[in-house]
Amino acid sequence: MTQELTVGFVGLGAMGRAMAGNLVRAGYRVRVWNRSPAPVAELTAQGADAAGDLRGAFDADVVVSMLADDPAVEPMLDPALLATARPGLVHVNMATVSVDLARRAAAAHADHGLGYVAAPVLGRPPVAEAGQLAILAAGQSALLDRVDPLLAVLGRRTWRLGDEPYIANTHKLAANYLIACAIGAMAEAAALVDAVGGRSADLIGVITDSILPGPVHSGYGAMIAERRYEPAGFRAVLGLKDVNLALTAGGEVNVPLPLGGVLRDALLDAVAHGDGDRDWAALAEVARRHAGLA
Amino acid sequence: MTQELTVGFVGLGAMGRAMAGNLVRAGYRVRVWNRSPAPVAELTAQGADAAGDLRGAFDADVVVSMLADDPAVEPMLDPALLATARPGLVHVNMATVSVDLARRAAAAHADHGLGYVAAPVLGRPPVAEAGQLAILAAGQSALLDRVDPLLAVLGRRTWRLGDEPYIANTHKLAANYLIACAIGAMAEAAALVDAVGGRSADLIGVITDSILPGPVHSGYGAMIAERRYEPAGFRAVLGLKDVNLALTAGGEVNVPLPLGGVLRDALLDAVAHGDGDRDWAALAEVARRHAGLA
Amino acid sequence: MTQELTVGFVGLGAMGRAMAGNLVRAGYRVRVWNRSPAPVAELTAQGADAAGDLRGAFDADVVVSMLADDPAVEPMLDPALLATARPGLVHVNMATVSVDLARRAAAAHADHGLGYVAAPVLGRPPVAEAGQLAILAAGQSALLDRVDPLLAVLGRRTWRLGDEPYIANTHKLAANYLIACAIGAMAEAAALVDAVGGRSADLIGVITDSILPGPVHSGYGAMIAERRYEPAGFRAVLGLKDVNLALTAGGEVNVPLPLGGVLRDALLDAVAHGDGDRDWAALAEVARRHAGLA
Amino acid sequence: MTQELTVGFVGLGAMGRAMAGNLVRAGYRVRVWNRSPAPVAELTAQGADAAGDLRGAFDADVVVSMLADDPAVEPMLDPALLATARPGLVHVNMATVSVDLARRAAAAHADHGLGYVAAPVLGRPPVAEAGQLAILAAGQSALLDRVDPLLAVLGRRTWRLGDEPYIANTHKLAANYLIACAIGAMAEAAALVDAVGGRSADLIGVITDSILPGPVHSGYGAMIAERRYEPAGFRAVLGLKDVNLALTAGGEVNVPLPLGGVLRDALLDAVAHGDGDRDWAALAEVARRHAGLA
């Protein structure tokens, strides 16, 4: 099975590697680019081409990017890059970025006659490897139609959330916000239960076995119950970044997010106590400290 | 199948009716009592006996009570009642009550040589009917052993959370707290998504299909997405009561619960706007109002 | 100068002693009562009579009470006491009590044909000694007229805030709430300034010399700048009690007080860290801890 | 009285006009520049020179700037401008700007061998006219010494807060934060008092007459009591900007500011309801709305 589209792929972290590999296996011709060279070699061994530079990755019908944050994405908005992109290219940005960057990215691509689609995802690396991501897409319908087969390789379902790319980014920030709230709530509830002589492990056991099943409560809940925050599934500093992005997104449209304010403060507290690189489930330690628990 | 224990049952609301019926069907001799007579008739039609008064219900080996709140439970702490209870009686209080009441109840029963077990539950009436409740039990081991077969009829699993009854009540308040946080978080996230031109129904669809499955997010999430808060699954005034109970429980052991403070304020706001008797998912309307959304 | 009214006076703490002494010096016949005897002796040495018991204090034209909190006030609502009070007595309760107690107290006195006026005060013991308290009074006009000369001895101004006594208590709780917010804000701002290498003493100096003069900012501000919380002007546990009373008063009329929720959490945190008996300016230590400052 | 220093002055809003005028009257040769021409004419009529452009203003021994916000200040960091400034120039930036901009500004000036001092102020236009501002200065001692006579013309006291300019900006943000908290607290307390049938005007009267005197509580308090938010002393959008600057400053050094989170949400709510250009005392309307008060 060979696909006609040439796909540039930018960003070969744990998520990007898994996703690019799936595209290769699905028969796409994939030109990968990454700042550090090791993942490029890994992908070319699987059948991808090395793009050489960002420009090479943008010499494609579709470029998929999966980068860490706004600053990493910023170079792809460079007019000098976009001016030399293959005519008709559609850029599918799957990173979790700010609403502001999403807006500027869409405009920058449009300025050069290029398509831009936002398609951030829900799911961790194993889910990406299995091609089972939940894909939150937004952009013009015609563009979404065009990249749909490609997204079908990467995820089990693509949600179409609106015509403007930033709408997808807002949904993604909202979803992460829900995760943050769930962790923060478990952190507080665990402190309460422990303080009266109960066991937070029981609390997590009860709820995941009944009202709150699923990976967020069971995964982060186990970390909280065991007070084990390493290895980090998602680092507290990244959690703080995402909560701040949600607060900023809210601020732009005058939507107060009071639970987010509480989480921001607690994550700052975690970082101030040296837990920035531990999992954001370390919010449980913040709650314990505030209660004077050892 | 006939059981040897005689069981008093106090409180025949939607939950209590289902639970008492299951005990009857399991072969227990059940003496039911309820403030209003209609549910008593319903249960005697199923094979229960009418206790006549509270005192009659306490003339049993075990009395199970399932009442609405602290004031409803208070009469069962009356020394005049407890003095006339059948010797050796064990009271299994399955209501969601305050930690303070749980402590006083345990002491009052002990004063009269009676056993007291707290066993609040997670699950709505259909779950109760199916005998599939999650039961959060605490009390002396010997007492828990004694009522275990009975609890096995009512739920699919009994968690033993500690020797002191109030520990179970604290777990229950903590579990409700997690539900409240989940609803409050969805309310805010939905307002954000709607404000940028997305659809909160999509947000709920995405998360319940991936990271946050389960009855809390799908049930209350649907109400939020549809902005339909009637009929109420759980009324906002009751949600406010439970959040206040959690805050009070935290206050007694110096555990700050900052997310709960936010929820308390939002629920007060809901009540102030006439939504006290609608479902507490009406928190979504509070978030919308604060954002100036129509 | 001798006054015709006989005044019972209940509660001879630091505030009450100063106030009762002023009444004696103004020529009133004052019958004092206090749980511990030493202050009674001090006042009789100044010319007061010892009431012997609460009943003796209520054998008067006006009884003024100045007690610590709700539980201390509760015995004065006892029907057995009120039934034996001198006919026509007016009780002027100058303590900071809950809105709920204020309502019950008014009703209990009315049941026995007695008058009840709430008149909590702003000012510390030296202000009380100087007869310069700000008096926040509420109750029926005729009753306020009657006790007005007496209040004029105790304070420099009596504010008439409404016909229902609890309105005065609400104003008092609101005033204390403003103090709590001022302290909490200085605590956070001081942590910010210190964290960037500034000096919180400068911040306090700047503001008290310009935009925020007055005893609250200069007094508590100095404690914060010096990180000296003893001797306590007002203990953290009492601050927590008053913030909780304000939150409860708000809850009864559906008024969310979100700043108060933050203060409640911070005060709980202070108590959890052993600062309950230090001045509530120790909120500054809470802010420092959350920021990881030594 | 003639001074030897030539002073450039950038920014002739209500504050800048008053300050530049005072410098002219003190005998300085002042070269003024402003984006719109009218205030320039007003100042030249008082004896100032028109600088013609920003470059002209920077052809001076000292340049004082008093602009609205970060974007307005940004052009003064342009290397092309700084490269042509008079050698030895000291820039005294008296605006309320972000900590981040303060850091970048200091570095940009140092790159060109120029001095940079931050000297934001507390005080409104009438205070500026009277030369009675409180000046919060930070920068190298030698530079502060040099501009001290000039600052003495503008204010009644100059506080030296540190060697790094951003420290002064942090103090200024902290001071504004205290004002915001005071207003927010009065807003909530007023809603509480009004909700129980009291009068918020009484509350404001009581506190400004006793524990919380001074311009912040009496000025904004009057607006709250009268529910009159126009003309704005300080617009809600600017208040929101400053609270956000404080939160950001805190975020950079891991200092949580939970009261600020509450204020941010309330100010967003105010803006969402069309009160962005009214005085930030309109926070009182937010508190009223949340309580369901008309």
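In order of appearance the chains are A, B, C and D, and numbering begins at 1 in each one.
Going forward, a contact is a pair of C-beta atoms (placed from the backbone, for glycine too) under 8 Å apart; a residue touches a chain by one contact, two chains touch by 3 or more.
Quick caveat, the model's predicted, so the values are computed rather than measured.
Comparing the chain pairs A-B and A-D, the larger number of C-beta pairs in contact belongs to A-B.
At the interface between chain B and chain D, over half of the residue numbers involved are used by both copies, so each side presents largely the same positions.
Note on chain placement: the centre of chain A and the centre of chain D lie 39 Å apart, centres being C-alpha means. Chain B and chain D have Cα centroids separated by 53 Å.
Distance between chain centres (mean CA atoms), chain A to chain B: 37 Å. For chain A, residues touching at least two other chains, in rising order: 250, 254-258, 262, 265-266, 268-269, 272, 290-292.
On chain C, the positions that touch chain D within their shared complex are 99, 122-123, 134, 136, 157, 159, 161-162, 164, 166-167, 170-171, 173-175, 177-179, 181-182, 184-186, 188-193, 195-199, 202-203, 205-207, 209-216, 246, 249-250, 253-260, 262, 265-266, 287, 290-292. Chain C contributes residues 244, 250-251, 254-258, 261-262, 264-266, 268-269, 271-272 to its touches with chain B in the complex. Of all residues in chain D, those touching chain B in their complex are 258, 265, 268-269, 272-274, 289-292.
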